[in-house]
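Chain IDs A, B, C, D, E, F, G and H follow the sequence of writing; residue 1 opens each chain.
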Amino acid sequence: MKKFSLRARVLTVAVAAAALGAGTLGAVSANASAPAAALPAGAKADAANRNLHQTTHLTVAAATEAAQAVLEAAQDENQRVTVAVVDRNGNTVVVLRGDGAGPQSYESAERKAFTAVSWNAPTSELVERLPQAPNLKDIPGTLFLGGGAPVRANGAPIAGIGVAGAPSGDLDEKFARAGVAALAR
Amino acid sequence: MKKFSLRARVLTVAVAAAALGAGTLGAVSANASAPAAALPAGAKADAANRNLHQTTHLTVAAATEAAQAVLEAAQDENQRVTVAVVDRNGNTVVVLRGDGAGPQSYESAERKAFTAVSWNAPTSELVERLPQAPNLKDIPGTLFLGGGAPVRANGAPIAGIGVAGAPSGDLDEKFARAGVAALAR
Amino acid sequence: MKKFSLRARVLTVAVAAAALGAGTLGAVSANASAPAAALPAGAKADAANRNLHQTTHLTVAAATEAAQAVLEAAQDENQRVTVAVVDRNGNTVVVLRGDGAGPQSYESAERKAFTAVSWNAPTSELVERLPQAPNLKDIPGTLFLGGGAPVRANGAPIAGIGVAGAPSGDLDEKFARAGVAALAR
Amino acid sequence: MKKFSLRARVLTVAVAAAALGAGTLGAVSANASAPAAALPAGAKADAANRNLHQTTHLTVAAATEAAQAVLEAAQDENQRVTVAVVDRNGNTVVVLRGDGAGPQSYESAERKAFTAVSWNAPTSELVERLPQAPNLKDIPGTLFLGGGAPVRANGAPIAGIGVAGAPSGDLDEKFARAGVAALAR
Amino acid sequence: MKKFSLRARVLTVAVAAAALGAGTLGAVSANASAPAAALPAGAKADAANRNLHQTTHLTVAAATEAAQAVLEAAQDENQRVTVAVVDRNGNTVVVLRGDGAGPQSYESAERKAFTAVSWNAPTSELVERLPQAPNLKDIPGTLFLGGGAPVRANGAPIAGIGVAGAPSGDLDEKFARAGVAALAR
Amino acid sequence: MKKFSLRARVLTVAVAAAALGAGTLGAVSANASAPAAALPAGAKADAANRNLHQTTHLTVAAATEAAQAVLEAAQDENQRVTVAVVDRNGNTVVVLRGDGAGPQSYESAERKAFTAVSWNAPTSELVERLPQAPNLKDIPGTLFLGGGAPVRANGAPIAGIGVAGAPSGDLDEKFARAGVAALAR
Amino acid sequence: MKKFSLRARVLTVAVAAAALGAGTLGAVSANASAPAAALPAGAKADAANRNLHQTTHLTVAAATEAAQAVLEAAQDENQRVTVAVVDRNGNTVVVLRGDGAGPQSYESAERKAFTAVSWNAPTSELVERLPQAPNLKDIPGTLFLGGGAPVRANGAPIAGIGVAGAPSGDLDEKFARAGVAALAR
Amino acid sequence: MKKFSLRARVLTVAVAAAALGAGTLGAVSANASAPAAALPAGAKADAANRNLHQTTHLTVAAATEAAQAVLEAAQDENQRVTVAVVDRNGNTVVVLRGDGAGPQSYESAERKAFTAVSWNAPTSELVERLPQAPNLKDIPGTLFLGGGAPVRANGAPIAGIGVAGAPSGDLDEKFARAGVAALAR
């Protein structure tokens, strides 16, 4: 095995990921695959951190603000929802169970957020891919229903926002997008 | 974020929910969405409870009586079923496993009750919505089979009754409706 | 069985609970048992709601504000924690995973909150009861470590705030109390 | 292996168990081991059922009545509890979540009932055995806290009643015994 | 509620169930519904056991023999399978993991047995019902694949035998039927 | 029951399995059923081990090398994946979560590996069998998506390699095959 | 990393394990640590299987016979128990739930078997080690109560037999030893 | 709430965390609390990333190398262990199940790694804290047994290495430290 070359390549990817941290926070785009980020010119690393890489996360303050924006958007339309924000590793960062949201909304919101960040796409888009690969929806932790939206930095997914409880997935996803938009303000 | 306005709005909703408590207990209706309740005229609140809202529940005595009515209805048709009553938050309040009911009936009854209260609709109706949103049935805790019926106060769901074990979901749901009806006596 | 009297008694309790809604939000007190609330004079109910009772909850706006106050208090002491708010039924309403909080903090926070609201006492107090009943800590969902505090309305528990991640349970509980205090402002 | 003799012996035990069905329903006694029932004189069986044996269960009607008696006893002392009845195989037959009972009470009640029927002893007695075998309490599904009482027919355990939510296990168990007593009326 | 009549009816059903114990052990039939057993003439009960009913089970010796017959039948066709026997309450009584059986076979066998006893029908038959009620297969604990067969006494299901690991469900079910047949010898 | 003959037959199968250990490690083939291995001529066993049989496993060193080959192949195409290797009993032996692989990839990789070794076939092939037996995919622990490949010794499955995280199952499976190929070097 | 040497060493261990297959089946001994087996002289391997090693298992026929011997021993003393046999990887191979065994016995038996094979010692011995390492008993899947016994081939653990349901762990373990002894006949 | 100041403070912490990425990888030290990192002079951030922070991780290549070093160290002492590496968020990155390691070792290794990274201390040290806070060990996912070691960058925990399967926790931890040491080479 070409062990050395593997390490060298991993290193440059790691540096690329760290560089993402300074990037801008994008809106929901149509690109749903998860290509490796383009390598920035001039990436370099010293011996000390060849074993390390960085990942980018929303601060809890930002995630909370996004979640509050979701609840506010839902309330503006008289809807009762729960909102969850998960990070790129699928760990839940924030959950707010809206007043009067149904009991099914809690885990639904987490799963939609998980699904959106896993494939870097709104869950409404992912539903449309199911005819080609129907068993995607059997992957544990996922939920293929509208209402999930990825949060991106330089195109890479760093978080997912999931919303559940409104009468339709389209409505849930409208509120999720309001949460993403709040981060760009 | 317009934090103050959020709170003010939440407050009036809370008062509305409290007002529901004095309402009548409705039969199974066709309305399955979960709109926010209309705000009652003259809702008001003092500073002390701006952080609080009320939710309405069946008493355990009422839930037990409904469950017993279900078993009696099933017995009248020589059927062996389990019945569960869950509250609006999805927590099980009462379960009665009928004599001779199959082992699959226990969790089925709980899930049908959960499903009915989540969407404020009989589960037989919810089954008919699946062609439009087939993955709804992947939401954890749900079961899209006839046999679940919501209990309402002023149109809002406050509990779900789920029945399982009869040869068909239609029969299960007939017994569930008998449980709802017992609450209106 | 004296079924009628059971129902009559349940009814008055239900009304008492509803009356709590207008009450004040207390600080952490030493009273840890869960006696039935004193019945208010003049409680009455019509036939329509004899099957219903009310429970009191924090609004999500209030719960979020309390949770944010916890994170702020922790940050003032350079600590990284997760905070959870659960309602009287043990359902999680809000979770905020603080930046840099350890992975053990998420479920710990939820369990401390659950424990505090279950016994209507700070978890540091509950730890002191264990010598008398050591197996209390085997009850599913609980965690007997300092860091949980109940939220009360008229003395009855309506929510629990749980904090985890600081080097000691005492410190966690100090932050939890800051969350309770924020509700009384 | 003496296969034939095994079967013959199993057969007589089976008949003995069936005979228990006609027995009386005992109160809580001090006998906590689980010896095989004495074989009744004249037990016999034909070839057809040598593969079968019978087990004795409470009817759901009886289990519900016992559970209601528990709630009534608790209410008489102003306590809020949940009660569960499980059969000899550990399957839950009835659960009634009392109004205002804490969220920890649901699973606690089930586990106390499970524990009492498993060892055919009140859980308060079982707690006293722990100094000799402390890891008994690590057996999945058990809870070694006062509040569980076995229901017996001819000395053999046929069900367990578990109660949780009162300030002490002794109080919980007092109510559980009230449930057992209701079956003997 | 007509409580007395409920109890009276439950009582006669209980006696009927007890009577089943003397019955013959049937082969796999086409009848898959679960009607209450016809009441035997002359059923009677004294006051002492009005709270009790009996259920019929395979002895462990019989269940083991059936499971061994399954493995033998599979071996005769050079197939490697796991076999499970569950009782009418869904509790597993015997599992034998055949040498070389795949890892998926263990839980599959249990679920097929559970499914067969729940609906009192071979699982191959149950698969054919799915076009009419596709979500039956979402009931927890079930598996709608050939390989499960009910064991009956007087037409009522008292156990299920599930087999998994052969290349087709038909083959699995052939072995399961060999297990049922062994009980009739 | 012909117990002796059962044992005798089991014995020869056991010897056959042990003999496999000296075999060669095959590439991914089209043969997906799991027939019992042909019995080698001259198989014999002494009395001492008639109760024993052997199973063949990858060493952890080999499994790790295969997993590293998978990550390297993925990196060559700029893809971020997780790889899992499970043994014939379904136990996970190695997991490597690739840098930047999505959170859904961990359990997906394990399940694909489990599925491939269970049926001794690439998961892409197994997907094609679903039209004939759609509920196969309900078996716990499985995932019917491309990306799993069996590892064989003399045609029998001894391990499964599962890969997840690339934009398509075909790509995942290409990497899985690279892992299998590394074992044949 | 000295990768080559790692592999070479693994190889010899693998061969040693395969050699164990021809060994004798020992009784319960006092040796509870799990040292690597002494390497047999003359171990050799060709290039083809350097990636493979063998593990030794009880046949299902042997495991069933051992389990039946356990039930027989228990019946001789009028005790009702469940017995489980697990292999060296912790996978359950056989479970027999004895007639009348308590509901806690099923998972207890599996865990005792798991514990005995994990540390290659009777669980009664393992209990005595807890004063030195009390948290050993927090390892998932274990149960530190008498009743588990390892099955060995040439001193290495190849299976565990666990028994539960008798009034004491000593009695359970006596029956487990009867199961081990049956394998040596 | 002083929202602005909260955010400002979060920001500087985030930058501090990012700065850690360039740090050196420390050995196991005695410092077990989890203080917020000292803020570096001159931390600054633009508006674009005020919502973002970075976390530092081992690359999978580094984690695999550490895990291989653990297995090699164990093999040098003829011990059979499983090793797991988890990241700061508790997610498992690498698991290698050593040849012949007991079945209890897999989850034990993961939990020891989780525990070490959660408290930034070797688990042998954490065991010594239990007399002061015995219920720490009830936190889900933890295991308070020697064998876990944190991996640090600039003093902050970025990963945990857990080892299980040797006869003592001290030995397990010696191997874990060998894994940490391999990262500093």
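Rule of thumb we're sticking to: a contact is a pair of C-beta atoms (placed from the backbone, for glycine too) under 8 Å apart; a residue touches a chain by one contact, two chains touch by 3 or more.
In this text the structure is predicted, and so the values were computed from the model without any measurement.
Participant: Tell me which chains count as touching both chain E and chain G.
Facilitator: Output, common partners of chain E and chain G: D, F.
Participant: If you walk touching chains, what's the least steps from chain E to chain F?
Facilitator: So the least number of steps between the two chains is 1.
Participant: Centre-to-centre on C-alpha atoms, which chain is most distant from chain C?
Facilitator: When every chain centre is compared against chain C, the largest gap points to F.
Participant: Quick one: chain F and chain G, Cα centre-to-centre, how many Å?
Facilitator: So the centroids are 25 Å from each other.
Participant: Could you work out how far the Cα centre of chain F sits from that of chain H, in whole Å?
Facilitator: That pair's centroid distance is 31 Å.
Participant: So, what's the distance in Å between the C-alpha centres of chain H and chain D?
Facilitator: Each chain reduced to its C-alpha mean, chain D and chain H end up 46 Å apart.
Participant: Among all residues of chain G, which ones touch two or more of the remaining chains?
Facilitator: 3, 6, 10, 14, 53, 57, 59-60, 68, 71, 89-91, 99, 103
Participant: Pull out all the chain pairs that touch, please.
Facilitator: Final set of chain pairs in contact is A-B, A-C, A-F, A-H, B-C, B-D, B-E, C-D, C-H, D-E, D-G, E-F, E-G, F-G, F-H, G-H.
Participant: Which bits of chain H are touching chain G when the two form their complex?
Facilitator: It is residues 65, 68-69, 71-72, 75, 78-80, 99-100, 102-105, 107-108, 111, 127, 130, 137, 143-145, 165, 167-169, 182 of chain H that touch chain G.
Participant: Report the residues of chain G in contact with chain E in the complex, numbered from low to high.
Facilitator: Residues 57, 59-60, 64, 68, 71, 91-99, 103, 106 of chain G touch chain E in their complex.
Participant: So in the complex, which bits of chain H are touching chain A?
Facilitator: Those residues of chain H that touch chain A are 3, 6-7, 10-11, 14, 18, 21-25, 46, 48-62, 87, 89-91, 153, 158, 183.
Participant: Which residues of chain A touch chain F once you look at their complex with the stated criterion?
Facilitator: Those residues of chain A that touch chain F are 1-3, 6, 9-10, 13-14, 17, 33-36, 53, 86, 88-91, 114-115, 117-119, 133, 135-136, 138-142, 157.
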